[in-house]
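Here come two complexes built around chain A, the first alongside chain B, the second alongside chain C.
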Partner chain A sequence: MSRYLRLYAHFLRFSFSKAMEFRVDFFFRVVMDIFFYAVQFAFFHIIYLHTPILAGWDLEQMRVFIVSYIFIDALHMTVFSTNCWWLPIYINRGDLDYYLVKPVSTLFFLSLKDFAANSFLNLLIAGSLVVWALTNYPAPLEPIKVVIYLLLLINGTFLYFLLNLIFLLAVFWTQSPRGYGDLFFSVSHVMERPDRIYKGVVRKVFIFLLPFAVMASFPARFLMEDNQWHLLGVIFGVTTCFFLLVQVIWRLGLRNYSSASS
Partner chain B sequence: MIKVEGLSKQFKVHKKRPGLRGSISSLFNREYIIKDAIKNIDLEIKQGEILGLIGSNGAGKTTLTKILSGIIHPTSGKVSVLGFDPWERDNRYRQQMSLIMGQKAQLWWDLPAADGFLLLKEIYQIPEAEFKKRLAYLSESLGIEKELNVQVRKLSLGERMKVELIAALLHQPKVVFLDEPTIGLDLSAQKAVRRFIKEYRKEFNPIMILTSHYMDDIEDLCDRIIIMKEGEFVYDGGIKQVHQKYAQSKLVTAQAAPTIDASEEARKFPKSLGEIEINDNGKIIVRSPREKVMEAASYLIHYLKIEDLNISEEEIGDVIEHIMSKGKEA
Partner chain C sequence: MELRRTLTYRADFWVNFIGQTLFSIIIAYFLWSSIFETLNVEVLNGFTMERMIVYYLLVPLVFRIQQGQTIGSISREIYEGSLNKFLLYPINFYVFKIITHFAGAAFYFAQIFVIIGLYQSFADNVIFEMTFLKFVYFSIAMFGISIAYFCLNSLSELVAFWADYIWSLGVIIRFAVSFLGGALIPLSFFPEWSMEILNLTPFPYMISFPMKILLGEVLLKEFLFNMAVLTVWTLIFLFFSRLLWNKGRYRYTGVGI
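Here is the complex of A and B:
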C-alpha cells in the first residue's frame, strides 16, 4: 500500500512540473469552471422562483446538493479525467504494452498516472464552495455525518470514474478511438439532478445500472435528512459491484487486446 | 529458461469492402477473416542464450515476442518463461523481464530521463544504493551521463534509445525482449547500442530475444537465429550453419587488369561455373556453386589477367532473404 502511495507521490510531482509549463491553460480552466459553477447555481435559483420545494428540498438544501456534484466533478477532473482521456487512445493504438509488463497494477497506473495539476485550483474553489454551503446551512449538522458525507463525496467521485471506465473500456471491442466516452458525458448530467425527481424503473436504473443518483444525491440526502443510514449500504454495495465489474471487463478486454504491431 | 509447445495465435480481422457502400453494408453484414499470426510452434531457449528472430513484416516475430512477454493472449499452446505463464502477468515474472521496443518509448516525454528512472526504482523496488550503482554503470557504459537531466523529447534519437535501454535494464531482468532496438539510428549509434548489449550480456548473462531488420545486429549479437515466415519457423539453428545449409553458392571476387574487355570476357565465361559480373572498374564477381568454386577461381587465374582474388561466403543477409522468400523449401 505504501508503495502505491509513493508511486502516486511521483505521479503528482511529475504532473505539477509538467503543468507549470502551460500557464495559459491553467487560467483558462479556472475561468471556464467558474462559469460552469455559476450556471449551475443560476439554473436552480430560477426554478426556485417558481416553487419553494423541489424533490423534497428547499433552496438551502439544494445548494448543498449543487456543491456536492460540483465537488465530485472537480475531483474527477483533477484526479481521473486526463487518464480517462488517454486510456481509450492507448488501447486503440496498442500503447498498453509498456504498462502491461510492469510489476504493478496496470489499472492503478493507467487510472492515476496523470494528475491534472492545472485543475487543482478548480478543486480548491469547489472545496471552498462545499465549506460555504455547509456553514451557511440553516439547521445544525451532526459533525460525524459531515465527516461521512465528505468521505461519500470521494466515494461518489470514484464511482463516477468507475462508470466512466466501463464506457471507455468498450474500445477493446469497438475499436473506435473514443469508446463510448461521449455517450457517458451526455448521460452523466443525470448526476446534476436530485434523485427524488426520478420515479419507478427510471429511478432503479439510476441507482443500480447507471448509478448517478448514488454519487452526489445520496450523500447530500444522508447529510441533511434524518434516518438515512440505510443509504450507506446502497452506496457501498453499488460501488463494490462496479469496482468488481470494472476488474472483470478489464480482464476480458485484455484478452481481446491485440496491440498494434510495431 | 523459455519453453513453448504448440503455440498458435489467430487474429480475427474484419474485412471491409471498399467505398461508402462497403462501409454501410458492413454495418449490417460483417465478414471476418481469421488470420494465423503464429502456427503451432515449439521453442526452447536456455539461460544466457541470445536468439535472433528474423522475418519480413507480418511474419509473426512481434506477435511471438508479445506472447512471451505476456502482452497478448495466445489462442492455444503452452508457454513457460522462467517457470511462469506470461499471460498470468504474475508480478514475480514481470519483475524479472523487460521489453524494449525501438518504435515505442516508455519514458515520460516531457520529463528528464532521471525522473523516469526514479519512478522505475519505485516500481521495481530497487534499493537506493543498488539503484545508484546500476544507474552509474549503465549510463557510463552507454556514455550518456550528461543527458540524463535533459527532457526526453529534447534528446536525439540515439540518445533516446540509450536512456530507454537504461530504463529497461535498471532492474536487472533475467529475460530481455529487444524489438528492433536500433531502428532509425545512425550507424555509429547502432554500433554503440550493439557494443553495449554485448558487454551487458557478458556481465549479467540474461536470456535475450532480439528482433531486427538490420542484419548487422543479428550477425554481431546472435549465436542462434530463428527465421519466421507466415507464422512458422523455417529455420532454427546456429547463425554459422545457415551458410552450410542454405547458401548454395560462394562468391569469388577478383580485380581485373585495366586492359581487359569486360563484356567480352563475361560472355566467354563458362555458364557451368556460375554467374559472372564485371563492373566498369574491372571488379569481377562470380557467384559460383559450392562444388565449382575452385574451378571458377582457377579459370579466372588462367584465362583472365587478374591482380587479386578472394573467395568468400555469400552475405548472410542475402542467404536469409533467400530463405524468407522460399520458406521451408529453400
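Here is the complex of A and C:
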C-alpha cells in the first residue's frame, strides 16, 4: 500500500511540473470550467423561471444537486480524465506493453498516472460551491449526513470513472482509437438531471445498468430528505458490482490484446 | 477523404451516432415531461411536448453540422509543426480548411435528413413537414452558419501561435454557442431582458435560427434579415481571424513539439 502511495506522490509531482509548462492552457482551463459551472446554474435558473418545482425539489434544493454533480465532474477531471483520454490510445497503438511489464497494477498505473494539475484549481472552486450551497441551504442539515454526503460524492466520482472505463475498454475489441468515449460523454448527461424525473424501466436502467442517477442525485437526496438511509445500500451495492465488472472486463480485454497497433 | 476517415470505424460511428441521439432524446423527454406534468399544461412557451421532443431530436444534428470536422486541427498543426505543408501547398490555407470543414459538415447534413425521414415515416403525430422551400432555406442557412462557426473557431485555434496548447479555448466557444444558441434549452424560455442582449450576439443565429426554419416558423423577410446579420458576423470573425493569421505566422517556427 505504501508503495502505491509513494508512486502516486511521484505522479502528483510530475503532473504539477508538466502543467506549469502550459500556463496559458492552465488559465483557459480555469475559465472553461467556470463557464461550464455558470451554464449549469443558468440552465436550471431558466427552468425555474417557468416552474416552482422540478422532480420534487425547489431551487435551493436543486442548487445542492447542481454543486454535487459539478464537484463530481471536477474531481473526475482532476484525477481521472486525462488518464481516461490516453487509455484507449495506448491500447489502440499497442503501447500498453510498456505498462504491463511494470511491477505494479497496470490498471492502477494507467488510471492515476496523470493528475490534471490544471484542473486542480477548478476542484477547489467546485469545493467552494459545495460549501456555498450547503451553508445557504434554508433548512438545518445534520452534520453526520453532511460528512456521509461528501464521502458519497467521492464514491460518485469513482463510480463515474468506473463507468467511463467500461465504455473505453471496448477498444480492446473494436480496435478504434477512442472506444465509446463520445457515447459515454452523451450518456453522462443523465447525471446532470435529478433522478426522480426518470420513470419506469428507464429509471431502473439509470440506477442499476448505467447508474448515473446514483452518482450525484442519490447523495443530494440522502442529504436533504428524511429517511433516505436505504440509498446507501443501493449506492455501495452498485459501486461494488461495477468495480468487479471493470476487473473482469479488464482481464478479458488483456486476453484479447494483441499488442500490434491499428 | 473526410467521409472515408469518418467511416473508418463504422460500428463505432453508428453506435456513437445512434446512442448520442437516443440519450439526448431520453434525457430531454423525461426532463420536460416532468415539467409539463408539474405545471399540468399542454403548451409551454409555444412548445407542446411533441414539439419539444422534435426540437431535441434535431438540435444535436444541427450542432454537429455547424461544428464540421476541423475542430482542433489548426491549433494541432501549429503545435506539432505540421502546418509547414500548408504553407507550401499551392492553395490558400483558409480555402483548404473550409473545404475540409464542409466535407465533415456535409456528412452530418445528410444524417439530419435521414432522421427527419425516419421521424416522418414512424411518428404518430407529425408536427412539421419538410417542404422544398424549407430545404432550400435550411441548406443556405447551414452553409452560412458553418462558415461563421469556422471563422469564429479559427479565432481560438490561431491563438496557438502564441500559446502552445489551447484546447480549452475551443471548448469555451462550443459551450457558448451551445447554451446561448439554444441547444440546451430553447431560447423562447430565456428571460426577455437576456434575449435583448443575446440578439446583439451571433449565437441565436447559429442554432435557434436553423431550428426555426425546420420547425416552420421563418418567413422570407426574417430569413433574409437573419442571413444578413450572420454574414456581418462572419465578416467580423474573418477579419480578426486573418489579422491573427497574418501576425501569427511570422511567429511560427515550424519545429513542432
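Operating definition for what follows: the second predicted complex is superposed on the first by the 260 of 262 C-alpha atoms of A that agree within 3 Å, B and C clash if a C-alpha of one lies under 4 Å from a C-alpha of the other, contacts with A are read in each partner's own complex, and residues count from 1 in each chain.
Operating definition for what follows: a residue touches a chain if its C-beta (ideal position, glycine included) is under 8 Å from a C-beta of that chain, and two chains touch if they have at least 3 such contacts.
The structure displayed is predicted, hence computed values, not measured ones.
With both structures placed on the common chain, the touch criterion links A:Y180 to chain C but leaves chain B unconnected. When both complexes are overlaid on chain A, the residue A:S17 reaches chain B alone and has no touch with chain C. In the superposition on chain A, contact is made by A:V31 with chain C only, not with chain B. Counted by residues of chain A touched, the larger count belongs to C, out of chain B and chain C. With both structures placed on the common chain, the touch criterion links A:L254 to chain B but leaves chain C unconnected.
Once chain A of one complex is fitted onto chain A of the other, the partner contacts of A:L96 are limited to chain B, with no touch recorded for chain C. Contacts of A:V104 after superposition: chain B is touched, whereas chain C is not reached. With both structures placed on the common chain, the touch criterion links A:M1 to neither chain B nor chain C.
21 are the residues of chain A that lie in the contact sets of both chain B and chain C, per the superposition on chain A.
Residue ranges on chain C touching chain A, taken from their complex, read 9, 11-12, 15-16, 19-20, 23-24, 26-27, 30-31, 33-35, 38-39, 44-45, 159, 162-169, 171-172, 175-176, 179, 184-185, 189-191. In the complex of the two chains, the chain A residues touching chain B come out as 3, 6-7, 10, 13-14, 17-18, 21, 95-98, 100-104, 106, 254-255, 257-259, 261-262.
For chain B in complex with chain A, the touching residues are 11, 58, 62-63, 66, 69-73, 89, 91-92, 94-95, 97-99, 101-104, 106, 108, 110-111, 115, 118-119, 122-125, 179-180.
Residues 21-22, 24-25, 28-29, 31-32, 35-36, 39, 42-43, 46-47, 49-51, 53-55, 174-180, 182-183, 186-187, 189-190, 193, 196-199, 202 of chain A are the ones touching chain C in the complex.
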